[in-house]
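The letters A, B, C and D name the chains in turn, as written, and every chain counts its residues from 1.
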């Protein structure tokens, strides 16, 4: 019996619940795997550290984590690796020395481009946009934002990124930050929220402030949570990858590490029905391109995740 | 009745031996709770009784417990400091800033501890110098200290602490005994002596029981309280060094929400929130109990939030049960 | 007239007004009526909660469990709404009040009958109530898609240009004003805080009065539980975490003395408004929101220092001249 | 000892008692405050309750107003058995009281203080502020306190004015039974006269009045009947007209008065303390006096005369605005009690429970507190030394306690006072200030304290004794300073002979133009 712990940023988040579903599927397919789905209730590094300490004590075979802080978790994850536990990060990564491999849901640059494109597609004349992110220490969000900033001048010269704010994946904070954006930038045309919590909060603010049609909300969203905002027009389109596949792949990767496969640049891993990945020179790999949801398909996907 | 006898009358020092008193004391009650929890934990999870597990468990509470020692004195003296977690954030930030200037390990530690002390002085001045109620002052400084941390760091984090700095939060003194834990035990001993065996400790109790009578008796009430605020700040600074080292990084949101956990630990340790009574032994055992509960339930993969129900219920029960018990006995006596 | 000008509330109102005007100079349009209404709406819940906390603080107690009570009640009504979308929302609001009341009563009973200090009881229930949320919700959040449209609408419907949420705050404030100044319970609350012994002599049951204030704070927390979930369209374990101290901060800034017996409804409202205005003003004048925490901390400290100034002078005035000139 | 026989009552024909108490017993831990007390109050009459400090008068008042529940006994109103379960129940049954301590609300307005707990309501059941203000104003005028505005906050009033508000509060309740526990203690001459006129009015309107006072002239001026208490027991009652002061005094103390004060003659030494030009912004002004070795200097005055404030300034609790203190020949600057102890001045405070003992700490720790430096070594406690010190002084003061580790709060009042005195003597002071040293302690302990005080003086200590009890000051002092409203009214040497009336006049300001 292999024990694989799926540690998430915070419990209750629909995105991670879906990932856990995928993890269970993988465990069933492989057989002989117990998945421990756990995480703190608030998205903090200290909470994750306490959990990892107890996972180490339970002698789990692998820890697959979506981290709240790339640096603060390194010491404790190193300790886990020292005790023979395989550690991978997925979704939101840990600094290289704290894990054996990292699974990006998608190519970072691609995501960075996608989130801008989602806004730009509906702004033929260009205009002001702002980003509402998760917490300021979230690795994945920061990487996407950096990629987005890089690509802006080349591909989207008419789009003007006026501000980046942080909602800490907390609905209230995200709401307040979205409001702040709207009042500080009267010409704002779009809010880009590459986080499932923030995007809902921003869409709600736009709906409440009667700005539907004036401010377009976009970013990364779970179809089931976000459907109503596509329906009411506060958002034209959002994107996301499949969280179920992400959790599924995390378990597959962990299983292979436990089985003795070594994680080194160039190594190939099979991830069941999703396919195969190859590690790059930072021992990370990316899955498929993000998938875009709009009026045409959200109904269908909202039933899945 | 009213006649005055002038023959010297002997008054014994004590009616019962101090030992007997200790047997029926709060720390003993807590100790029993602790032992029971220990046994329950080892039955509930096969992983519990391993030296490394237990050692790992100590990391979850030592920093808080180190602050709780000083907080216990402060609460016994009838004050409270809710800014301790924010002091950690500010001290950690100060270390991070120093790091940017290439300060070495000894310098970092000094700056962390010193920042804590300065925050303590600030609290102490506001409370004793201006005569303000500590609970609101420290709610204010709680936002203020962490706020400074946010101003400095914003959405950034400090990382890249030098090699050697990791020893404080991650190093082991001997086998499974971590540096943090050793430090905690040493401090526990120091605070035990300070509170229970020195004039200063006696004055702390007196102030908590009756600040007016203490003042009338020549105790420099304000000064004692000021020192206690400084001590609490200092201990928070030390906790900041440990935590920063353990996390190997600094963020402004570090240790958020710890203040209430520290207070809970102190109150659970049998320190009266109204001041005047309490023991260091109790606080130490309470720290262990909180560590045991969280770790034991953690091994069963019970989320932290559910553990907090246990802690909260334990807190209310250990306070309420003696009251109910006394009441029932009184009723039975009638 | 002179007393009005010298009162804390007047100065606090003046400071809030100056802040609004100054912000408007830097960022014209900030003081536009609809923007101000927006700020008021954003502060509405804090106002309601601050009033509840005020009634508790006036009796020399403190309620640290308000935010947890709010979150728990919010989760309960959210779950009910998700499971039975047909239940009319006003009924659900009433139920939220009732839930909050029960949770408040639990605090109150322990404080009244067992005489445990309020800070200990509510420190315990602070964690207990929040933990229960996780249990009843099974660790899930209740998201927008699970809530009925009516549930979300009941804080947003506009009436005379103000959203319902603002009206709730106005109604609570008026009710509170009447409670505190025109009813025996209100005056008993003050009396208990000013002098518990004298209150006993005056025939006031100190324990029961404290109990009543915990009912009030519980009820208002419960009500805000519904408002919160409806407004932010999410029910989760994390709702309003750490907010208990913001509520107390609003009270303190509003001049409500932690030592009991001193404070007014207007003060509590202005204290909340002060924090609300800072929240809204900072982003508008391009101060990084990261400054907000330090500023509100400094404001609290300043408020306590200033309030203490007004209260010093504990002497008894034995000399006749001293009384005449005071 | 023989007690005077209770006189057969020559009751006015028309009168049946309005309220009857019988067999009332009330005990506090360690103290039996009331024992099988009986009392009757008649409509239209004033009954004076007389007794020494601590005789149980105020406790009786509190049982009659529902604040304390008696352990035994019954209370009847108009012959009907009632239980006064709460102060509210007492209001409802028509009993109102002015309590000895002014128990009022500092932060609230005068009108509110008067009406709290029985507020006037409008039709809508809300408080009727306008009516309350108006009626308060009228009430205050009636008792001669028209100068107090109903809107003033109570904390801005002096103690005398606060007391008048308390009187107004009591009268705002339309009650048949009016209880007044030392209502005149804090009032000046004119205010007392106003109060008496009012009492006459109340009498005429048929109210049954219970009046407590230590001043015989007042009792003779206003009372129709008397009841005497001693040590919690009723030892006599009857019509004032049928008795005289001597009988009452004998009933009160149960022995002749002068043997209580065993002041030894001492030869006075050099000046140890000289106070000159001492002032405080609000509490006292122009204080000049000196104190000699072996002397007992009495400070007399009405309650609220500012004596305690003066003494507290001397030991650095409050800050004087100007003036100088010399200890021996040297100017001493005393900014804190710690400094006072170093200079050899100690103060046994008036409010024993609040300022003196730490009730939840053991006797031994109470006694050693100001001497910790001597009993410890390098800041570390040495329990053996502490116990030795405590044992020495406990024995010297003949403390009655089960053990030295007992909490001080479990002792009787008198023994608590001994603990406080022991605590201060243990510091080996040169000047000891005793503020109301026998307040609320039983007769036996009182005598012990007096004996001890005199012994201290004989041993060369300089003693300042603040007291509001005339016999005590007159019996114990070598010299008496009389204070009134924060100033020294007069100083009387023993050689000039102490005259009770002169002292009272000086303290109350009688014979001067009313201020």
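Everything below uses one rule, namely that contacts are C-beta pairs under 8 Å (C-beta built on N, C-alpha and C of every residue); 3 or more make two chains touch, one makes a residue touch a chain.
In UniProt terms the chains read B = Autoinducer 2 import system permease protein LsrD; C = Rhamnose transport system permease protein; D = Rhamnose transport system ATP-binding protein.
Because the structure is a prediction, the values reported are computed rather than measured.
Trainee: Please work out which of B-D and B-C is bridged by more C-beta pairs in contact, and write that pair.
Mentor: Higher contact count goes to B-C.
Trainee: Taking each chain's centre as the mean position of its Cα atoms, how many Å separate subunit B from subunit D?
Mentor: Distance between chain centres: 44 Å.
Trainee: Need the CA-centroid distance for the pair subunit A / subunit D, whole Å please.
Mentor: 75
Trainee: Using mean C-alpha positions as chain centres, tell me how far subunit B is from subunit C in Å, no decimals.
Mentor: 30
Trainee: How many angstrom lie between the centres of subunit A and subunit C, each centre taken as the mean Cα position?
Mentor: Inter-chain centre distance comes to 36 Å.
Trainee: Please output the residue numbers of subunit A that touch at least 2 other chains, ranges allowed.
Mentor: Residue numbers touching two or more other chains: 11, 41.
Trainee: Two or more other chains in contact with one residue: find those residues in subunit D.
Mentor: none
Trainee: Hey, what residues on subunit C touch two or more of the other chains?
Mentor: In subunit C, the residues touching two or more other chains are 134, 139, 237, 241.
Trainee: Taking all chains into account, which pairs touch?
Mentor: By the stated definition, chains touch in these pairs: A-B, A-C, B-C, B-D, C-D.
Trainee: Within the complex, which stretch of subunit C touches subunit B?
Mentor: Going through subunit C, the ones touching subunit B are 62, 64, 110, 114-117, 119-121, 123-128, 130-135, 139, 237, 241-242, 245, 248-249, 252, 258-259, 288, 290-301, 303-305, 308, 312.
Trainee: Under the touch definition given earlier, write down the residues of subunit A that touch subunit C in their complex.
Mentor: My answer: residues 10-14, 17, 41-42, 165, 170-172, 175-177, 179-181, 183-184, 186, 200-201, 204, 208, 224-228, 302.
Trainee: Mind pulling up the subunit A residues that touch subunit B in the complex?
Mentor: 11, 36, 38-41, 44-47, 49-51, 53-54, 56-59, 69, 71-72, 74-75, 79, 83, 135-137, 164, 166
Trainee: For subunit B, which residues count as touching subunit D in their complex?
Mentor: Within the complex, subunit B contacts subunit D at residues 1-6, 8-15, 193, 197-203, 205-206, 209-210, 212-220, 276-277.
Trainee: In their complex, what parts of subunit C are in touch with subunit D?
Mentor: Touching subunit D: residues 178, 181-184, 187-188, 190-191, 194-195, 197-205, 261-262, 315-320, 322-323, 326 of subunit C.
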